[in-house]
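Sharing a structure here in structure tokens format.
Letters are used for the chains, namely A, B, C, D and E, taken in the order the chains are written, and counting of residues starts over at 1 for each.
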Amino acid sequence: MGEYALLYILFAPFAGALALIFVSNRQPLLVRSIASSAAFVSLLASFYLFYAYDPVKGGFQFVKKYEWSKQLGISLHLGVDGIGTPLVLASSILLFAGIFVSWHIKDRTKEFYIWLLILAAATIGVFMSLDLFFLYFFYEMSVIPMYLLLGMWGSHTKKYLEMTDPEDLKLRDSVGFILNFGSNSKEYAAMKLVLFLSAFAVVALMGILLIYKYSGLNTFDILVLREQANLMNIPALGTTLDRIIWVLVFFGFASIAPIWPLHSWSPVGHAAAPAATSMLHAGVLMKLGHFSIIRVAFEILPETTRELMPIAAVLCMFSIIYGGFVAFYAKDTKYVIGYSSSSHMGYVFLGMAALNYISLSGAVIYMFAHAMATGMLFAMAGWVYDQTHTRDIPSLGGLSNKMPFISACFVVGCMASIGMPGTVNFIAEIMIIVGSWNKYPLQVIVAMLGIVLTLAYLFKMMRGLFYGPMNQKYSHAHDAISTVDRLPLLIMISISIGFGIFPMHLYDVVRSGVDPLVARIMLVVPVAETGEGLGMTGKATTPDMSSTPVTAHKPIPYTPQVSREGRE
Amino acid sequence: MLEELTAGFPILSCILFLPVVGAAVLWVIDEEDMVRTSALTIALVELALSVFVLLRFVPESAAMQFTERVRWIPALGISYHLAVDGISVLFVGLTAFLTVLVVIYSWDTIRHQIKLYMMCLLALETTTMGIFVSLDLILFFVFWELMLIPSYFLIKLWGGGAERHYAALKFVLYTLLGSVFMLVGIALLNINYHQWASLHHTDQIYSFDLLDLLMVPIPVSQQLVIFWLMFLGFAFKAPVFPFHTWLPDALLEGPIGMAVVLVGLKMGTFGFMRFSIPLLPDASKSETVVMVVIVLGLCAILYGAWMALVQADFRRLLAYSSVSHLGFIVVGLFALNYQGLQGSLLTMINLGFSTAGLFFIAGFLYSRQQTTQLAAFGGMAKQMPLLATFFLIIGLASIGLPGTNGFVGEFLILLGAFTAKWWFGGVAVLGVIFGAAYFLWYYERSMLGPLGAAVKGTMSDLQPRETIIAVSLSVMILWIGLYPSPFLRIMNGSVQALVDRVSQETKVSLEGNRFGRGY
Amino acid sequence: MIGMFFAYFAVVSIAAGVLTVSLRHPVHCALSLLVLLMHVSGLFILLNAEFLWAVQVIVYVGAILVLYLFVLMLMNLKTDERYFHPWALYILGPAVVGGGYVLSLLLRSPFDGAKGDTPAAAVLQDGNTYAVGIKMFSDHLLQFEIVGIFLLGAIIGAIVLAKTPKPLDRERERL
Amino acid sequence: MSDLTDLLIKLIPVFPLLAVFVNGLLGHRYSHDMAHRLAWGSVGLSFLCTVGVFTDVMRTGTSHEVIVYPWIFGGDLAINLAYLVDPLTCAWLLVVTGVGFLIHVYSVGYMHGEAGFTRFFTYMNLFMVSMLLLVMGNNYVVLFIGWEGVGLCSYLLIGYYYDKVSAAKAASKAFVVNRIGDAGFLIAIFLVFINFKTLDYTKVFAQAGQLSPDMATAIALCLLVGAIGKSAQLPLHTWLPDAMEGPTPVSALIHAATMVTAGVYMIVRNHAIFDLSPFAMSMVAFVGGGTALFAATIGLVQTDIKRVLAYSTVSQLGYMFLGCGIGAYTAAVFHVMTHAFFKALLFLAAGSVIHALSGEQDIRKMGGLSSRIPWTHRLFLIGTIAIAGLPPLAGFWSKDEIMTHAFANQRYLLYSMAACGALLTSFYMFRLTYLTFYGSSRMDPHTAEHVHESPMVMVSPLMILAFLSIVGGLILGFPPEHGWLHGFLGPVVGVGGEHEAGAGIVVLLMSSALVIALMGWGVAHFLYAVSPATAEGWAERFSAAYRILLNKYYVDELYDLIFVEPLKRLGAMLDWFDRAVIDGLVRGVERIADWGASGSTWIEKHIVYAGLNVIGYGNHLAAREGRKMQSGVVHHYAAIIVAGLFLLALVVQLFAQM
Amino acid sequence: MIPLSAYTTVSAILFMTGLVGVLVRRNFIIVLMSVEIMMNAANINLVAFSHYLESMAGQLVALFIIAIAAGEAAVGLAIIIVVFRSKISTNVDEMNLLKW
């Protein structure tokens, strides 16, 4: 298996999807078992990958390259580094969990699973693509199934933001449509999501093509481009080309992240999507944005990244606070989680913006952690929805009597989402804080307040769902009793807590991916240029205090062995 | 023999995780009585272990004892580092002790979901224990935050008030708000360590370990920033004066057991003593900090006492009296001299018996009249002489009558404060007067005088279980009051080390580990 | 001489075209179309395309037009009151202008290009039919086959379309 | 011998303490008889020990310092639970255990049949323990334990009848007012610690000389505040009269003989510090003199038998303070001892009266009791004479000594205050006696039926006290200024501040004191035995003054107005502040967050979503209008195709031309 | 020798005529006939160019066009018949089911 691990991970779901085409919907069990076994293969391979990835060696491993078009310089070039590995793992975990979460889908089961598998496989494909073309290819491929998943198996969203009259379609022909959240049908969501993401994907594509064209290397291969492409100092449109490319790539991909104010597709999309899709969507699909920015912008345009990344640092504040506030106000469970996701993605941007070893590692771990946390929450919101057929928080309540298991898991999910110690989120959070403080103290404070806000709205939602008086209408609701129902939650919880308590390997893996990157980005700079005047106000006692870890005088050689053996 | 057997035995880990493991065991027990018995057994075993630790603890020593240190996240310098010294070891015993009492108290006062309640309680015990025995700041923070979860549910699910949801959320939010700032402070400490370590090429370039951090000098300006960040964390939890409004709500709405833990275990002020002061000695003794914090403390003393004077609800009264006591503790802490620190430490322990004891009393009253409003009582001493007696004993301890534990602590604090600046002590002394006033006022109106008009039926005197609680508290109160020597001996070494740490110049701390390793 | 013939064929076919478009009765239209087709085939002769002339006469006139006539008769159409589209005038004007414009373009263009491999002499040597055949079955075989399949498809399509639908199934109705 | 003494010293407080525990924990399991035997027995044992210690001290003249165990320590602070027994302590110990023992015995009779009999004795024993600690402690903190301990017991015993509202209130008041004094005392302790780094008397007094005068004044004044609180001097005297809500033996023991003299004890004990500060000394003196006069005036018109005695106690305590203030420490101690005898006697006798009258305390409803309860009458009369200062009874000697000192020190103002006080004392005490025992009976008929002499167990302690009241002065303090007591205490309090008065002056002063006392008697006799109507006439004529006096100069009301009410109002204000401002801030933050949330949502709705929807809607509009081209009519499509073709051609052409 | 532009002119005029027919006539059959006219115009063009450029391709394409015209006629007429069955009309304007 070994070196082909990536292929197993990537193509097992595709193969599953292919196999499903030939199965009839009359045999749902067969459908599910095919889907789950495909996902299981992928999951196993991902775990193998994760643990077989050698952080000491670092770099891209398990590389496979297949020529696709010689003329255009396109090849199916797969490989993972320390950043991709955990995300691949997260994707396959969420896929596996998602298949069990959607175990009870009765309508067109086969098709659902086909699209779900394709969605996940495409996402995984992005995480392991080392070729810009295929990166983009998988990126788009992961967006398109969302349309079908939302449009066919989604649910209409009601009562979001005091929306009015969801059924009155006449509104669509009037100006009222503009302010009409009544257009919150699943079709609206699906259309909005796909159009929005595709539009911005095209923006990113433009960036990619500019890279392709102006690098003059006739290749889409990231590894080649990052070594040889020289895009600096080409004047264009009153500025330099690299900046234009960077901005195109950044905003093109950041829209899926989603960075404020490009987030509006996301909550509505989450809300309309079926649970498993929401999980994958919020869990890993949004990370495509960060990941692609890291892969494309960070790798190929390091200097420009250093120059322009403060944009993200500014926007992330808005993401955090704004998303938190809206989540606080929303009355729909999935909107709450959706906005919380878009708020939390701000932390990832913060970690990325600070551009140092710790914070960027924190950002990557946060992506992984958030995948688990938000996956749990969406799974449970989905369960509640399946039982009560409403997501309107005010009309729910007291469900903890009916579903103790779910409510207990929900607590864990909330805690994970808040970054309660003991979950891997906490590790990520503290790394982001530690890393970013010197460069962006204000943002860190804002992020901290964001945590408080997160707790406020998640607890508010938890109280709304599970405590207080129960509506007798929902007395038939029942808990997740069977293994199939509990399995996904337990997997995600155990992963979240397991890595929260033993994050060493995860950390090593991520560090091995982040270190060369940060070194690339930061080392080209003379020390004087960054960090001066920020952070420490240290005085004569220890003059070196004024420098920050960000601007370390020399790269700190990353040697996991040392830290692993430690002292004593 | 016993020592040989127990050498190297991770007793602190056992203490730390026994309750939570016990809670997991409770999960599978269905029968309610069995649940209660098991919970009590677990709590008692925990108490036994804690007492064992206390007995084996070498007094008059500043050293960290029973150290357990396992690298946890080596890359970030986070380790699983448990140890107790004179500052923290008493809290271990206190936590175990109070938990036993709370379990006993909750025996039949908790009427629904007893299993879950006991589980939460035991989980709470683990987290509070964790706060007291962690030497790694992240580990500490872990427990600090985790503590919120059981607390939240205890308040929310078993609280008596109508506003309990609000109170629970308020408590959690408040604490979290503070602790996120603290987290930033912790991060800054780590960054500082990192800079130092990368300059000195140590093999550990990141560390959150208290002992490591203590070796590293911190520029004063940086210390101030970190100090205020951590101050917020601890002050919100403590709660120090202007941050106290969650306390009355949480105590009034939450169940008695939770209230006992909240007021009995002074985690916030412990944090000052454990982390803020030793880590940031220069900031702690800087003029502004001392003035601001002590003035806040003095405000708290008077404010809490005055507020307590006019409260008609006993639990609110206790909440404000707790604020007042916290004022004393803070004043003592930031007097930054031996008596102040020792007094504060002792007072933290004392309140675990006295204020927590009064909450038990409040609980006894509550279980009889379903309220602690003054209006529902009056002349209770006639019907419940035993309760009235214990009420008086514990209450007098809380107002610091000589011969009770309260006096020893308060006396030391006042002495320390007075030594630091005469008017610190001078103002704080007023709190002594008001303390007597509000307690006696409430006692007089609830226990003495003719039978109250609103008293419904005849109230039974203390039940055996309640008597056990009251008696054990009273014994502890009188023990510490009359013969505090064992307790003081336990503290002395560590307090001395702390005083040395604070009084020495920064330069000295550069050279390393007078405080650190020998500690 | 050839010029005469050309003028005749050209004028008549244009006139027939105009009649086809403008006559009221469909059968008349079909008949004038017949005239048109015949005269266009004449133009083919002038251009040395005998095979095409034959095909034009046989297929167009003999088959297609007859098909039209059959259909017309099948439907037994009456003359419409308003056989022009209501927008006719709006369309005619621009059409005339556009047509003039196209004409002017045509007249100004030199139409000169690379000569092909079959000059008139080569054609005349073995006859037009031979030349067409050689060309068709060598270089343009694929296109030829495609057209064949297309025709087949068209025939099947026509049959399917024109087939009289069965009356609704009783069983399904009962359901 | 010394070891034995040390052991005895250690044992003195142990017996009552044991009794406290046994009675307190097991008292409800056995009979009252057992309980009271334990109680007075333990005190008796203490007394015996005291006597043993006393003889040793008297014999050797040395003081003993006994450390029981280290109590509070750490850093530079070391406080032991330790005793210091020197002559001063011995004097107090004798009074405390001796008088205490008698009162315990008396209580057996007095409290007979009361509910909470055991509780009473437990408290009494606890009081003994505290009082013993107070006088025996070798440092300020042990003193403070006792100091607060007696306060607590006073609280408990005043509130003994806790179901009486007035009792409960009086108890709280006593405690809180005492606490005010205690706060001062605490500050004094801190000041001492700061200056001497120790709290042991011996070490402190050894270094006292190094104290700066200002600091000495500060310490002394703080100590004075403590003393004022405990000894019910102006302006903290208000609790003592209210304390009469307790059972009479309590009043006798605590609020007359022992506890209230603790202030005097403290001042005498700290004379080394007081001596350094003339200002503080005169403060002490004036507080004492003022209180003596002030309380005496109130005593003139009170109608409650115990209250009169209470004010008289306050007044007498004033004399003691006055004595201290002019440096006549021995005289003050002397007066403490004699006062303990006769005031205990008076209180117990009053208790006997009350006992006889089934709880009646209003002297207006007494009268003519001399025949009904003769023993009580006689004993009360002895007490009255003693306090009024008629030689050779005890009060004369001690009071006269203080006045002599005042005169001899040229503190004439103080002397005249004391003299006036003496006159008034004599008057109101005889007034009390007359109204109670002579004249016609004004009792309820119902009460009158049950009047009976108290049992022997009550009367016999009275007799002993009466005996002591008669001879105590002579034994202890005769000849004036050179008596046994002076010799005994001399080593402790020294002779500083005592001026030798000439013999002639002494005699003169004695006779004037005698005259003053007799005058008081005479006036009382005239008003209440000869012409009762005159008294009423005077009361009417000076009704304003009378009312002021009756209402104790409205001090309580004044305090309510100045302190209690504003405090309560302040509390209410703060409560409002807490709810409105601090909690309001929190809620304000919540509100802001809420605004933030709704504002963000508004933006989300009206800008972000709407912005996107505008694009969508534009698209929609374009489509809605544009679709009309899709008329379904082939012609239109064809026409458009054609038009397009033309356009294309045009474009091509244009480009070609370019 | 007749110039090429003569043929193209004729072809253009015929094409325009056919085009006008397509656009203005309401009878579907006549519309189809107009299409035939346009095809013939195209054929003339092709053949003429074939002749003048000495390439056989033009004629071949013309041939294919005729074949396709046959197919078109067959299918078109079949459609007309189907439509006529349901609508009893061959009026193009009435066949606007594709509207909007």
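Note that contacts are C-beta pairs under 8 Å (C-beta built on N, C-alpha and C of every residue); 3 or more make two chains touch, one makes a residue touch a chain.
It should be emphasised that the depicted structure is a prediction, and the values quoted were computed from it without experimental measurement.
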Checklist line | Hypothetical removal of chain D, resulting connected chain groups | finding: A, B | C, E
Item checked: Length of the shortest touching-chain route, chain A through to chain C -> 2
Margin query: From the centre of chain C, which other chain's Cα mean sits the farthest off?
Written below: D
Notebook entry, point to check: Of all chain pairs, which one counts the most C-beta contacts?
Noted result: C-E
Check: Hey, which chain ends up farthest from chain A, C-alpha centres compared?
Finding: D
Item checked: Centre-of-Cα separation between chain D and chain B, whole angstrom -> 33
Item checked: Inter-centroid spacing, chain E versus chain C (mean Cα positions, whole Å) -> 5
Notebook entry, point to check: So what's the Cα centroid distance for chain B and chain E, whole Å?
Noted result: 97
Next item on the list: Could you tell me the distance, in whole angstrom, between the mean C-alpha positions of chain B and chain C?
Entry: 101
Note to self: Multi-chain contacts only, two chains or more: what residues does chain C have there?
What the structure shows: 85, 87, 91, 95, 98, 102
Check: Going by the touch rule set out above, which residues of chain B reach two or more other chains?
Finding: none
Next item on the list: Pull out every residue in chain D that's touching 2 or more other chains.
Entry: 635, 639, 642
Next item on the list: Would you please name all pairs of chains that touch?
Entry: A-B, A-D, B-D, C-D, C-E, D-E
Check: Which residues of chain E touch chain C in their complex?
Finding: 1-2, 4-10, 12-14, 16-21, 23-27, 29-30, 32-34, 36-37, 40, 43-44, 47-57, 59-60, 62-64, 66-75, 77-82, 84, 90-93
Note to self: Please output the residues of chain C touching chain D within their complex, sorted ascending.
What the structure shows: 85, 87, 91, 94-95, 98, 101-102, 105
Check: For the complex, which residues does chain C have touching chain E?
Finding: 2-3, 6, 10, 13-14, 17-18, 20-21, 26, 29-30, 33, 36-37, 40, 43-44, 46-49, 51-52, 55-56, 59-60, 63-64, 67-68, 71-72, 74-75, 77, 80, 82-85, 87-88, 91-92, 95, 98-99, 102-103, 106-107, 109, 111, 113-120, 123, 128, 131-132, 135-136, 140, 143-144, 147, 150-151, 153-155, 157-159, 161-162
Checklist line | In the complex with chain E, residue positions of chain D that touch it | finding: 627-628, 630-635, 638-639, 642
Next item on the list: Would you mind writing out the residues of chain A in touch with chain B in their complex?
Entry: 358, 411, 415, 418, 420-422, 426-427, 429-431, 433-434, 437-438, 444-445, 448-449, 451-452, 455-456, 459-460, 463, 467-468, 503-504, 507-508, 511, 536-539, 541-542, 544-545, 547-549, 552, 556, 560, 562-564, 566-568
